[in-house]
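The structures considered in this document are given below.
Next come two complexes, and both contain chain A; in the first it sits with chain B, in the second with chain C.
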Partner chain A sequence: MITLTINGKKYEAQKGQNLLQAAIDNGIEIPHLCYHEKLPPYGGCRLCQVEVTKGEKVELTTSCTYPVSQGIQVETETPRVQKARRLVMELILTMAPDSPEIQQMARKLGIETIPGGFPSSGEKGDDCIKCGLCVRACEELVGPGSITFSSKGPERKVVPPFEEEPESCIGCGTCVHVCPTGCISMEDLGRKRKLERWKRVLSMKVCNDCSSAYIPKAQVDYYLKRTGDPYLAEWFDLCPDCR
Partner chain B sequence: MNRLTSKSDLERLQKELASRKEPERPVVTLCQGTGCRAYASEKIHNAFKKELASRGLTDQVSVKSTGCHGFCEQGPIVVILPDEICYCRVKPEDIPEIVETTLLEKKTVDRLLFTDPVSGEKFARESEIPFYKYQRRVIFGKNRLVDPQNIEDYIALEGYSALAHALTEMSPDKVLLEVKKANLRGRGGAGFPTGIKWETTRNTPGEKKYVIVNADEGDPGAYMDRSILEGNPHLVLEGLAIGAYAVGAREGYVFVRQEYPLALENITEAVEQAREYGLLGKNILGSGFDFDVKVKRGAGAFVSGESSALISAIEGSAGEPRPKHVNAAISGLWGKPTSLNNVETWANVPLIMKEGSDWYSGLGSDNNPGTKIFSLVGKVNNTGLIEVPMGTPLRTIIYDIGGGIKEGKKFKAVQTGGPSGGCIPEEHLDVPVDFDRLNQMGSMMGSGGMIVMDENSCMVDVAKYFMQFLMEESCGKCTSCREGIKKMHDILEKITLGEGCETDLQQLEDLAWIIENTSLCALGSTASNPVLSTLKYFREEYETHIKDKCCPAGVCKALIRYTIEPEHCNGCGRCKKVCSVDAVEGNKGSPMTINQEFCIRCGICQEACRFNAVLVE
Partner chain C sequence: MSDANVYAVKTLTSKEYFAPGHRACSGCGQAVAVRMVQKALGRNIVMASATGCMEVVSSPFPQSSWEVPWIHVAFENAAAVASGIEAGLKAQRRKGKIDGRKITVVAMAGDGGTADIGLQALSGALERGHDFLYVCYDNEAYMNTGVQRSSATPFGAVTTTSPAGRVNSGQLTWKKNMMRITAAHDIPYAATASPSHPLDLVEKVKKGMETEGPAYLHVLSPCPPGWGIAAEDSIQLARLAVETGIFPLYEIDKGKHRITMNLEKLVPVKQYLKKQGRFRRLSPEMMEEIQERVCKEWQELREKAEQIDPSAGADEALSKEQEGETEAAKIFRVKAGAPV
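So, the complex of A and B:
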C-alpha cells in the first residue's frame, strides 16, 4: 500500500495504480471521459487534470496516466486545475455540442454555452470526441477490433477498416455502452440489428421458445469459437427470459 | 575477409590505408548528398570518369563521391584535392574544361569559383569561402572527405579508434563518466544531458537494454541529421556502439524516416560493412562486447520524432506518443530501459572519446558545450548546413556565414527550432545561440532549423504557416493538441483574411496556454511557440491586421491590392502577358490598369515589371 495526500487528506492506494483510479476508489471526483477502469489509461481527453507535487516538482498532469507513488501531494481543485479543465471542456464541447451528457458535464464545470467566437470543429451532428473508448473496448475487452482510428490531426476519426461494413463486428454493442457522448446508435429492427455509424447490419438469433430475436448470430458464433464450449450452443437456444 | 579481431588489427589496417595514400595525387571529390544529387551530381561523376579515361588519366587522378558539404545552394559542389579548389554549380558539360584547366594546367576555372554575392570577390579554396571560414566543423567536417559507402575511407581517418579505445581501455562506467563530464546535451531539441539519460538506463536493472538513433528529422527546411547519416553513417554507428557499451545494451535501432531514401541506403550499407569488419556483431575487436544494429524505416509522420511515438513505431504500432511519467531510459522499447538520442548527439560521442571531456567542454558556451549544426535557410545570401560552436551570436551566423540578407533587404526575424520554435527579432541578434538562451527568448534550439525572414515576410502569415504544419502533423490523440491547434490556426486564418476581431488575440493566448499546459507530448506543449513569440515581438503587426485590415508586409492576399503607377508604366505589356486571369487591362504603349475584380493577387505582374510600376497597397 502507498500513502498519498489528496486535497490535504491522507489516503491509501495500491502500488501500480493510476492516480485517477486511486481517487475514484477513495470517493474523490475528478471529471474524466476517456478512462475506463477495465482498460489501460490512454490520456486522450485531457480532462482529468490535477496538480501533483513530488519533491520540489509541481506539475499539472492528467491523473489517469500518473502512477501513484509514496508521499505525493495531489490537488484536484486549484485555480490552475480548474482553468485547465474548463478550457479543455470547452474544446470538447465544440466537438459534441448536442450531446446531453457532455452538456451536463460542461455545466458542472461552469460552462453554459459554447464560448462565443470559437469556430466549431467536427462534422455537424457528429458528437464524437475521439476519446477512443469504443476502439479500445472493441479490441482490448471484447476482441474483434472491428473499428479503428483513421487519419491524423483534426481529420482523425473512428471508422471500420476502409470505411466498409466490418465483417468482424459481432454487434455486441460494447462500443455503444462505453461511448460517453451517446453518438453511436444501435437499433434492433425485428430480426436485424443495425449499427448505423459502422454501417453494420447483423442477423439476429431467435429464441427457440418465445421466438424473440435477442442476440446477433455473429455474437453467438464468436462466443462459441472463443470458449470452445459445445454446451454453450444449447444455452444460446433460449433467450435470458426463457432460460 | 577483413574481419578485425583486435584493436591492433584496426591500427594495422589504419596504417596500411595511410601508406596507400599518395598525398600529392589529385582527388576529385564530388558531393553526392541529396541536394547535389537533385542537380545531377551522379552525371557529373560519370562525366569525370569518362573524361579522365579518354585522356588516359584514370591511373593518375581519383574520383570520389562524398557526403554533403553543407553549402547546398551552390551545388553540385566539386572539390579538387589536395589544393581544395572548390567549384560551385557544376554541370556535366563543365567537366572537360575542369580536367583540362585544373588537373592538367593546374589553373582554376574562374567562372565556376564561388563569387561572393555582395562583394563580387571570387574564392578558390573551399576553406576560404566566408560560408565555411567562420564555421567550426568538428562533426560535419569529415563528410567532405569520406565516401559514405566505403568503410575503409572512414577507418583511414582514424575511424572506429574511439570505439576501440573505449572497449579496450575504458570500463563502461568510465565512458559514462566521460560523457557526463563533457556535459553533452541532446541535439534533438530539448538539450537534456545525455550522460544522465545513459546513467539512468545503465542503473535500471534488467538484462535487455536498447539504444536508438532518432533519425526521424521532420522540421521543414532542416536536414542536418539526414546529411550526417547520408554522408558519414559510420560516425553515427561508432557513437551508438560506444553508447551501447556504456549503458549495457546489446541491441540498437536506427529509426530513419522513409522520406530519406539515401540515408536509409547508406546507413543500411554501413551496418553491413561494419558487421563484415567485425565492428558490429559478436565480440567486437576481441573485447567480449556484443552489439548489433537494426535499421527501421519510419512511415513518414512528423510526430514519430517524439521519443515515445518513435518507440511505438518501432514496436509496430501507430507512431503516437504515450504518457511519459515513466522515462524511456527506465521503460522504453518493449518496456526495457532505452537510451534514445538523435543522430547529431550520437555523432558527438566519438569526438568526446577521442579528444576527452576537457577539450570538448572547452568548446561552446557555459553549460552548452560543443558545436551545433544548423540548417540556415530563408532570405540569406548563403544557405546550407553550418556548424558553429554553441554560443555563436545569431548575427555572426546570419551576416558572416550567411552573407546577410538577400537583395540588400532589411532583416526582420529569424525563426529557430523548427515548427515549434519561435521568431526572434533584430534586437536580439547579438544573443549567443545555445539551448538556454533560445528558451529565454521564447524560442528553442529544436533540432537546429534556422529560417531567416526579411521585411517582406508577414509574421501573422508565418505563424499561420507553422500552425497549419503542426495541425496536419498532430497525431490527433489528445484533445488539447488536436482541437486547440486547429482553433488557433482558424483564428489566424481569419485574421489574415481581414476578418479578425478584438477578442482574437486573447483567445489565441488562452488556447496557447491550454495547449502548452495540457497536451500529451512535446509536439503539443511547444506548438504555440510560433504564435506566442510573434505575439511577443510583433504584436503591432497582428493589431494592424485586425484593426486596420492591412498587411504591412504585403503578403496576406485578402488585405492587399496590386495597382499600376501610371507615371512609371510605359505600357510595355509584360504584365498583361504574364497575368493568368486577364486582370491587366490597357493597350500597348499606354499605362496599364489592374481590374481588381479579376485579380487573384499572385504578384506575377510585379515580378515581371522592369520599371517598378506595380505597387502593393
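So, the complex of A and C:
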C-alpha cells in the first residue's frame, strides 16, 4: 500500500495503480472522458489533469497516466488545474456541441458559451471527440479490432478500415456502451442489426424453436472461434428463453 | 436495442459494492438487480433501505453486504429518510463541512414499501423535488413475511391472503401502475428495468443519477419461492415478462415516453403465466382477460411513445411488410413449447 495526499487528505492506493483510478477508488471526482478501468490509460482527452507535487517539483499532468508513488501531494481543484481543464473542455465541446453528456460536463466546469455558440445551432454534427475508447475497447476488450483511427490533425476520425463495411465487426455493441458522447448507434430491425456509424449491417441468428432473432451470426462464429468448443454451437441454436 | 450481447457486459466495472455471502434465496432476481444497480451507482452514495427481503438478507447482525453507507429505515419512510439525507448533505455543503463532490442519495424499497406502505412518503418526496433516486424492487407481493398480497400483485396471482378457492383463483384486482403514479408527479425521470437486460438497467440507473431532481426506477425482481418457479428460471421469467408486454421496458424522460426495448411482436402471456405456480389455478377466461389488458396497455404505451419519438415508428414499417398474416399473427410471436 502507498500513502498519498489528495487535496490535503491522506489516502491509500495500490502499488502500480494510476492516480486517476486511486482517486476514483477513494471517491474523489476527477472529470475524465477517455479513461475506462478495464483498459490501459491513454491520456487522450487531457481532462483529468491535476497538479502533482513530488519533492520540489510541481507539475500539471494527466492523472490517468501518472503512476502513484509514496508521499506525492495532489491537488485536483486549484485555479491552474481548472483553467487547463476549461481550455480542454472548450476544445472538446467544439467537436461535440450536440452531445447532452458533453454539454452537461461543460456546464459543470463553468463553460456557458463557446465560439460558434453553445448550445449549438442544432445542425447534426459528428459528435465524436476522438477519445479512442471505442477503438481500444474493440481491440483490447473484445478482440476483432474492426475500427481504427485514420488521417491526421483536423482530419482525424474513427472509421472501419478503408471506410468500407467492416467484415470483422461482430455487432456486440461494446463501442456503443463505452462511447462517452453517445454518438454511435445500434439498432435491431427485424432480423438485421445495424450500426449506422460503421456502415455495418449484420444478419441475426434465428432461434430454432421460436424463430426469434436474438444474436448476430458473426458474434456466435467469433465466440466459437475464440473458445474453440464445438459443442457450444448447439447452445446457440436456441435463444435464452428456449434453452 | 437488444441486450443479448456476450461482450458488451465487459464494459461494466469489476468492483462489487453489494458483497457476496448474503442470505438471499438461490435464484433471487432482486439480488441480481441490486448488484447491477450498485455497480452503476458506484461508491459516492448514501442509501436508505426500507424493511423488506433485501434488508433482511443483507444485514444480519453483525454482518453486512453493503460496501457503501447504508441506513435501514422503517417500512414506510425510505423516501422520507432519503429526502432528509439529501437536505442534510445540502446544509453540510453550504456550511463547508463536506467538499463539493456529488453524493447520490438513493432510496430502496420493495413493492410493498413503495406501492402500499411507503406511497405517501414517496409522493411527498417526489413533490418536494429532492434530488434523489428511488429504486423499487418489485417482486409483486410481501415475500419476506411469507407471500402476502400487495397492491403490486398482478391479477390472478395466488398469495396466502389472496388464495385460490372454488370461485376465485387468486388476486382479484389489477396491479397498481406505479409508473403512471410517479410520472403524474411530473418528475424529470422515471423508468422500468429488469435484471434480464443488465446493460439497459445500468444505463437507466446512470441516467437517474445524473438527473437533477427526483428519479424513479421500477425494477422487476422475480422471486422463486413466491412465484412458484425454479431458481434457475428467474432471469428467464424476467425476460419473458418483458417480451410478453406484461412488464415493458420504457422510460419517461421529462414527459417523453421512450420504449427502450422495442418488441416486434409480443409473446402470448400464457407462456409467462404457465411457468409460474402462483398462476396455476388461472382459468382460460381469466388468461384471456389478462391478454386483452396487456395488449391494450402495450398499444397505449406505443401510442404515447410514437407521438414524440419518430424512431419508434420503425415497427410500423415492419408490420406493413408482413400484411399477409392474420390479425393474431401481427401481434404475437409464438414460442415453441407453448401450452395450447
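Basically, the second predicted complex is superposed on the first by the 229 of 243 C-alpha atoms of A that agree within 3 Å, B and C clash if a C-alpha of one lies under 4 Å from a C-alpha of the other, contacts with A are read in each partner's own complex, and residues count from 1 in each chain.
As a convention for this text, contacts are C-beta pairs under 8 Å (C-beta built on N, C-alpha and C of every residue); 3 or more make two chains touch, one makes a residue touch a chain.
Everything quoted here is computed from the prediction, not taken from an experiment.
In the superposed model, A:I92 lies in contact with chain B only, and not with chain C. Judged by the touch definition given at the top, the superposed model places A:S168 against neither chain B nor chain C.
Contact with chain C, but none with chain B, is seen for A:I215 once the two complexes are overlaid on the shared chain. In the superposition on chain A, contact is made by A:V142 with chain C only, not with chain B. Once the two complexes are overlaid on the shared chain, A:G190 sits against chain C while remaining clear of chain B.
After overlaying the two complexes on the shared chain, residue contacts for A:Q21 are found with neither chain B nor chain C.
Look at A:P240: by the touch rule set out above, it reaches chain C but stays clear of chain B. The interface of chain A with chain B does not overlap its interface with chain C at any residue.
Of all the residues in chain B, the ones that touch chain A in their complex are 301, 303, 318, 322-323, 325-326, 471-480, 482-487, 490-491, 494, 501, 503-504, 507, 510-511, 513-514, 517-520. Those residues of chain C that touch chain A in the complex are listed here as 1-2, 4-8, 10-11, 13-14, 43-44, 99, 101-102, 199, 210, 236, 239-240, 243, 262, 264, 314, 318, 333-337.
Of all residues in chain A, only 7, 25, 27-29, 36-38, 104, 137, 141-142, 170, 172-174, 176-178, 186-190, 193, 209-212, 214-215, 219, 223, 239-242 touch chain C in the complex they form.
The part of chain A that touches chain B in the complex is made up of residues 41, 43-47, 49, 60-62, 65-67, 83-84, 87-88, 91-92, 94-95, 117-119, 121, 129-130, 132, 149, 151-156.
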